[in-house]
Each structure stands twice: as C-alpha cells, then as structure tokens.
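Down below are the structures I want you to see.
Below are two complexes that have chain A in common, paired first with chain B and then with chain C.
Here is the complex of A and B:
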C-alpha cells in the first residue's frame, strides 16, 4: 500500500482545510477512503453515532497537484483508514500559509498519515512542520460497511431554505425542545415544528423549489402524488443543529430528501465536494 | 406581514393584540429584566407592563407604552397573564439577531384570555413563525410601597458614567453599598471583596450628574446578586435615576431608547440587605 499526495495551491489548501474542519465538527472518528479519483470521509450509521451516517466526497483532482495511490491490491485499488478528523484539522491549521503540503501514508510505530507543510520563511531555507496522524488501516473484509450509501426511496425532495435562517430557527428551537418535526411537500413548502408542554412553534418556509430528480431518481412518489401532501420526519434537534453548525463550506446547492417518518437525508453540493448526512427518525 | 394570513374571525377572538414592525423593540427591553424564567404581563390602555421578581426582595418592571406599538388593541380594562420569559425571548428572536440594516422581524402578539396561550406571529423575509406559549394565572406583583413622598435622596446620572463602574464591580463582594449625601462623597458606590474595598465616587457637580437632590446622608447595602441583573438595563439606557427612601429601599429607573429612538422605561426596586440593620 502506498499513498502520497501534494497540495501547492493555497486556495485548494484552504478549501481542503474547510472541508476537513466541517467533517471534524460532525464526528470524532470516521473512515477516510482513498481511491485514484476521490477521497471520501465516511461515517457509517451505528448505535454509537446515534444512527447518523455521513458521506463526504471530494474529487481528488480539484485539490491535489500530485496524487499517487497503490491500494491494497490490483483489483482493490483503494485504501481505507480510520482517522480522527480533528487530528487532521489541527495539522492543517499549522499549514495555513504553507507553500506546499505533502500527505503520505507512513509506518512509524503504527500506521500514520504524515503531513509535511513547507512554511514560508525569511531565510532561503524553508521550514518544514511535520505531523504524524495515527490511523488504523481497515481490512478489506470490512470495506462493505463503507460503500456509497444508496439514495433512499424518498417521499419528498426539497431544496433547503437559506442556511442562515434555517440555522437561527433550529438554534432557538433547540432551546425549547429535544425533538423537531420537519415536514415538506412537492409544492416547495417546508415546516419546522416543535411541540412541548410549554410551547409550540411552527416555522413556515415557502417557494423553496423541489429538485427535479426525474428518470434517474428513485422518487417513490407516484406522478399522482398530491403536491400539497406533507411528508414528515421527527428527529433529534441536536443532530440537525450539529450538522448545520459545522458547515464551513458554503454549498451551492442544499437540499433534503425525506422518507416519511423514517429518514432525513441532507445533501450539500459544492463544485468539488458533496456532503450527505442521514439522520434517522426518533423512535 | 402575518396580519394578512389572519381572518376577521381570528382577530375578533383576541382580547389583546399588539404589533411591532421591529420585534427588537420588545425583545431588547425584555432582555433587560430577564433574570428569572417567569414574567407577569399586565396590559392596560396605556400599554404593557412586564414584571419579574426575585425572592421577594427584587422587582424589575419594563414599560412599553401603547404608542410604541404599530397596532395596540385591548378589549378589557386590564389583561394579565404569566408566561415563561426565557421561552418568550427565544420565540421573539427565532430568526436570530439580524445584522443586516433594514431587515427585521415583524411581530404580532395576540391573547384570547384566561386559559389560552399567548400567540406570536413573527415574520422575516417572507418566512412566518407561529408560536403558542402556555400562560398561567398571573401572580400579584409585590407592592414595594415606594412613593415619591418618602424619597430621601435622588440623583439622575447619565448612564455612561455608571456603565464602567458596574462592569468592573467586584463580584466577590456580597453587597453593593450606596452612599448618598448632601456633602462629600455625594454619591458613592462601594464594594468589599476579596481583593479589598473599592469606591466609585460621583461628585455633585460632575458633567454626568443631571440632577442631585440629597437631603441627608444615607448609606445602604444591597445584595450584589440581586443588583447584578440590573446591569443589563443599565447597558441599554441613556439615563438612570437612583432614589432611596426612608427605609433604605432602592429604586433604579432607566430611560431606554429603542431602535427607533422611542423612549421606554425599566425600573428596579430592591430591599436593603437585612444584616446591616443590626449594626
């Protein structure tokens, strides 16, 4: 197994850093899946994470100037590593103004991702700061846990309201309740609702638009589904807030798919990064 | 505006309707008295009075006159209820604090009467939020029996001068001592904390002193924990009047200008710290 990659463009470095920061806010541990064309940060839904799962996909070519990968074997040309994204985040922080950043899979006392940042210096000799980030290599027999999630058979797909407003409302609702109901229809309408002994609050969003999934989508709704009909899911507010708060990359498209009373599937798309987050309904 | 989504039948059922183009004109002033969860609302033709009390020794009142509201309809002489103030503030600020000038949250607050929730309609940028907050039967606010005839000493200061002192108050001091006197030190705030004693003096001829009416020397102590919340009201205000009466009770009255420059009042009443009386 071999992996080495290099970033030399400061814009790419900042962008990569923001993505890693976002991931580190969502989970303490995740799997970094490396293929020839992509990097993925994967969290597979487990009881430990409260059933939440995450899939963050980056096109390698948009970030790295050099990228060499030799996977586990010829027919399995990938490397999967368990990593604490916070460690990667911290290392990248010191590399903020670096002229170049090299990342390499190494073996010290155990497997590591070694990050070497060449920092500008006044003298002719550059300073190099190195971080060894411990990782666990995931054996091939466990790879099936970290495959790309299938698009769920959703009932409604809808674009999210402006994130700033959504975040403010969810922040306040979190003070008032532990759970929140998100409902939406094919008419571009979405409501956020909380209902407790003390108070009930409903926020109404309109004219949001529904993504045109069309033929390739798995929209289970029949063509005759009443566009006014709301589909809903009740989720733990903290999980939704955690997702919204962590965002450092401003998405060009933000949408969600709802499987009635089962799953809230959030999708944030950016030019070169896509982030999917699955929040299960509260029992 | 949320108004358009309500029918005439809806409007008829309410005994109190108060609307603001800018919800901050209510939320900001309520934050100045939000040291406890529960607030007593009392509405009359004149406007809204909101009261918060602490351990029967401290009372804060916020007054928002009827003409501050863009719409104010009351169908009974007085309308009273009690509501969780923390919840109310979370609702009033549901859209967060907007820093964009000209963008604000519009509010319509409605109440059907005893046993009904307080209903808020809030709107910002085309998004509408409806809140229904449970109400309770209002408790009777304490009457501190503070009337102008018993006032022994009174000063009116520009708030800026007190803001610095209050922000620096030694919180390790259990009490805040206020001395008012026709002669030196005139008006003095004192604390007695772990690092020593501190005094803040305001001479009667200072620029900041707008009014100085002290008839006799009086020193009273008040529990710091009770007075600390008043700092929020001070921060919002431009002027403050400090009065003590013959029993040593303290009245602080704050003149607050809202976002639109209109004037509202906040007052705090505080009992003197009992221990001192024994000395």
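Here is the complex of A and C:
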C-alpha cells in the first residue's frame, strides 16, 4: 500500500483545508477512502453517531498536483483509513502559506498520514514542518460499510433557501425545541416548524425551486403527485444545526431530499466537492 | 517600596503578570536598587521566570524604606490569582487608567495597587502578602555552549505549529539546523496523538552558536507566556542551553525591562556522562525549609558569590542576597543522625530533580538546575548548590 500526494497551488490548498475543516466540524472520526481519482470522507450511519451518515467526495485532480496510489491489491486499488479529521485540519491550519504540502502514508510506530509542508523562511533553505497523523487502516472485509450511499427513494426534492437565512432560523429554533419538522412540496415551498408546549413557530419559504431529477432520477412520486402536498420529516435540530454551522465551503447548489417521515438527505454541491449528509427521522 | 507606573506601562506590567501566570501560582516581589523584580516558579520547581523592571520603566520608583509613608524594602509574595484580575480588561484600561501606584504597607501586610483613572476615579486594591525570602535562580547562562537569538516573530511562527495543549517539546541543535518536535513520554501516547516536527536552518536566526550538538526537552507551555510577551513588543528572544538535563534559558531585554525564563530539561536516560549527576543517586534533593531567622543564624555571613567561575550572575540577582545553600546543606547533613537515609526522590518527568512529598514542618524542597554546576563543582561532591530556592511555605 502506498500513497503520496502533493499540493502546490495555494488556492487548492486553501480549498482543501476548508473542506477538511467542514468535515472536522461534522464528526470526530471518519473514514478517508482513497482511490486513483477521488478522495472520500465517509461517515457510515451508526447508532453511536445518532444515525447520521456523511459522504464527502472530492475529485483528486482538482486539488493535487501529484497523486500516486497503490491500493491494497490490484483489483482493490483503494486505501481506506480511519482518521480524526481534526488532526488533519490542525496540520493544514498552519500550512496555509506553504510553498508545497506533501501527504503520504507512512509507518512510524503505527500507520500514519504524514503531512509535510514547506514553509517560506527567512533564509534560502525552507522551513519544513512535518505532522504525523495517526490512522487506522481499515481491512478489506469491512469496506462494504463505506460504499457510496444509494440515493434514497425520496418523495420531494427541493433547493434550500439561502444558507445564511436557514442557519439563523435553525439557530433560533434550537433554543426553543430539540426537534424540528422540515416539510416541503414540489411547488418550491418549504416550512420549518417547531412545536412545544409553550410555543409553536413556523417559518415559511417559497419559490425555492425543485431540482429536475428527470426520468432516470429515482423520484418515487408519480407525475400525478399533488405539487401542493407536503412531505415532512422530524429531525433532531442539533444535528441539522451542526451541519449548517460547520459549512466552510460555500456550495454552488444546496438541496435536500425528503423521504416522508424517514430521512432528510442534504446535498451540497460545489465544482469539485460534493457533500451528502443523511439525518434520520426522530423515532 | 513604592512605584508609579504610567499609562502604557500598566499594559506592559499586566502582560508581564499574565506571562508569569502561565508558569506559577504566586509572584514574588523584590524591590531592588536596580529595579523591581517580579518572579515566579512553578509548583514542581522546574520552571522559573523573572521580570525585572528598571527604574526607567516607572514614573517614580522608590525601593528604599520611606519612613513617612511606612513603606519598606520588603520582599513578599502574592497569589497571582489576586493580581491578574487587576490587569485584565485591556481596552478599559487603555482608555481610562492614567497611572498605577504600587506600594507595600508593612503594618497591615498589604501590597496596595492603586489605579488612578479618568474622571477622578481611584480604584484601590489591598492585597495581603506573605513575607518571604527572595526567590531567584542564579543561572550561569554564559557557560551554555549553545546560543540562539531570534526575533520574537520567528519564535511565534515556530510554536504556532504545536497545539496549545502540547506540554513537552524537544529542541535539537546541530551544525546547521534547529529542530523542534513534540515529545511523547511513551510509545502508546505517541500513537494516539499527533506528532509535529519543525526544522529550520541556522540562517533564520539572528545569532546561532553551536558549542555542542544536543537535544533538550522542556515544557513549551511554560514558555509561551514569555514568547507572547516578546511578540507583543517585538523584542528579540535569546536562548542559551546545553545538553539534555541542563536547564534552558530564554530571555528578552529592553531598556526598561529584562525578562527571563529558566526551564529544566529532561535528562537523557540513554546518555550517562560521568560528570552529570544521575537523578536519584547523587542528588541531595532534601533541603529542609528554613525560616528567615534561621537562615541568618545558620549561614553566618551571606556569600554573594555562587559556585561559578567569575561570580557572574544573571542581572536580576545582582545586589540581591544569594541564598547559597552549600554550607547550609553541609550543616543539615551533619544534623542528620549517622546512618539515617535520606529519602530517595521520585523522578517527576518534567524536572531533573524532584520535589518529594513529605509531611510536617520540615518541607523538603527540590533543587533546581543543580546539574548546571557539573562543570565547576567537583563531581564527587554530593552537595549540589541550588539555583532557586524559595524558603517560604509549601502550599
């Protein structure tokens, strides 16, 4: 197993750092899946994480100048590592003005991702800072847990309102209730509702637009579905807030799919990064 | 003692106190002829810091007893938690405080901090103090083979790569480069945590002298206070150190003040040089607590010279009584009943010499930086002079 990669461009480095920061705010530990063309940060839905799962896909070529991978075997040319994204975030944080950043898989006393940044210095010789981030190699027999999630059979798919607005609404609602109902229809309308003994608050959004998944999209709703009909899901508000707060990359497209009373599937798309986050409905 | 600090100086003094608070829980005030020394030491006596403010720093500085005002040149210590809040709220301070007057009131055992603010407001804080002997470390920095001097910004840029929670780091020096890396005590901890290493070329330093290739491990956390102080005022920091086990010395200097931090370093367990005392064997760590009165009777004339070649001392200790415990300790050994074994110290990882825990009135103190004297002191001699000894009570 071998892995070496290098980032030279400052813009790419900043972008990569922001993605890693976003991931680090969503989870303490996740799996980094490396293939020849992509990097994935994967969190598989477990009871421990409250059932949320995450799939963050980066196209390697848009970030790395050099990328060499030799996977576990020829037919399984991938490497899966369990890593604490916060460590990666911390290592990248102080390397933002680096001339180059090299990442490679090494073995010190245990498997490590070694990040070496060449920093500008006062002398002709660059300063080199090396961070050894401990990782756990995931054995092949467990790989099935970290496959790309299937698009759920959603009932409604809708674009999200401006993130800033959405975030401030959710922030305020969080102070009042632990659970939030998100409902939307195919008419571009979305409501966020909380309902407690003391107070009920509903925020209405309209003219949001619905993504055209098309015939090959897995829209389970027939064309005869009443566009006014709302489909809803009740989720833990803290998980939604955590997701919205952590965002450091401004997405070019933000949308969500709702499976009636089952799952809230959030999708954030950027040119070279896609982030999917699944929040299960509260029991 | 009475002194008056004006305007900007209050901020500097506050930052100094803040830097000291990163190391110890108490500060020792020592009004000297050449300035006010404010010192601290950490609980395991493995880190010592001293800020010495020269008379230039003050609008007015009177170390001597002023009989009219009932102030005397007394040495005392204060709990740093009492002093820190007085110098917080930087923005408020900058806007409204004109001057700060510090005086020591003997009859009431109070150090008085009086802030004269705008609009005729005066805030007076009376802090109780404990009278004690001066705390100081006499460190022959000139004997250190390795010397580095750098702009505070460089050092700031270096330590930023290490997490604030990181305790120990190892500083290595060789002919052309300097390396700073995280230190982990045992393999298991290393696996879980992140390891960081930074390598710089000698050219980056303003002054670079390698007398002896070495790697010293010390507590970075305790140094950060001085580094951020230096960075606030753009002062350059100089560092002197030797081989593992010998203390490392950091200092900044200005016209109005001089500050230094002395940190003990871990001895290299693999490297046992004959001249270096092995902890737990030759170190006479046990020094009973002596009250001020006893010191004068036991010791006779105070020796101002320490066991150093030409008696050179760090600036802050000049003029101060140097507590030379060597004759002191001899006496104590005589007092011990023959055959009575001195308790062997536990080796705490962050100090070369430990503070063993003993109960009752005779508190056993650890000696700080005893290893420095290996060059000068006869290695067969068991009596290692202490560099810093606070003769006050242990908490």
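The criterion applied here is as follows: the second predicted complex is superposed on the first by the 283 of 283 C-alpha atoms of A that agree within 3 Å, B and C clash if a C-alpha of one lies under 4 Å from a C-alpha of the other, contacts with A are read in each partner's own complex, and residues count from 1 in each chain.
Keep this in mind: a residue touches a chain if its C-beta (ideal position, glycine included) is under 8 Å from a C-beta of that chain, and two chains touch if they have at least 3 such contacts.
None of the values given here were measured: they were computed from a predicted structure.
> I'd like to know which partner A:161 touches here: chain B for first, chain C for second, both or neither.
After superposing on A, A:161 lies in contact with chain B but is clear of chain C.
> Quick one: is A:203 in contact with chain B, with chain C, with both, or with neither? Answer first, second, both or neither.
In the superposition, A:203 contacts chain B only.
> Taking the superposition on A as described, I'd like to know which of chain B and chain C A:36 touches: first, second, both or neither.
After superposing on A, A:36 lies clear of both chain B and chain C.
> So in the superposed three-chain picture, is A:128 touching just chain B, just chain C, both, or none of them (first/second/both/neither)?
Touch status of A:128: second partner only.
> Show which residues of chain B lie in contact with chain A when the two form their complex.
So the residues of chain B in touch with chain A come to 84, 86-87, 90-91, 93-96, 117, 124-134.
> Spell out the residues on chain C that touch chain A in their complex, using ranges where they run on.
Residues in contact with chain A: 154, 160-161, 163, 187, 190-204.
> Any idea which chain A residues touch chain B in the complex?
161, 164-165, 167-169, 171-173, 175-176, 197-207
> Residues of chain A touching chain C in their complex?
Interface residues on chain A, with respect to chain C: 87, 90-91, 94, 108-110, 121-125, 127-134.
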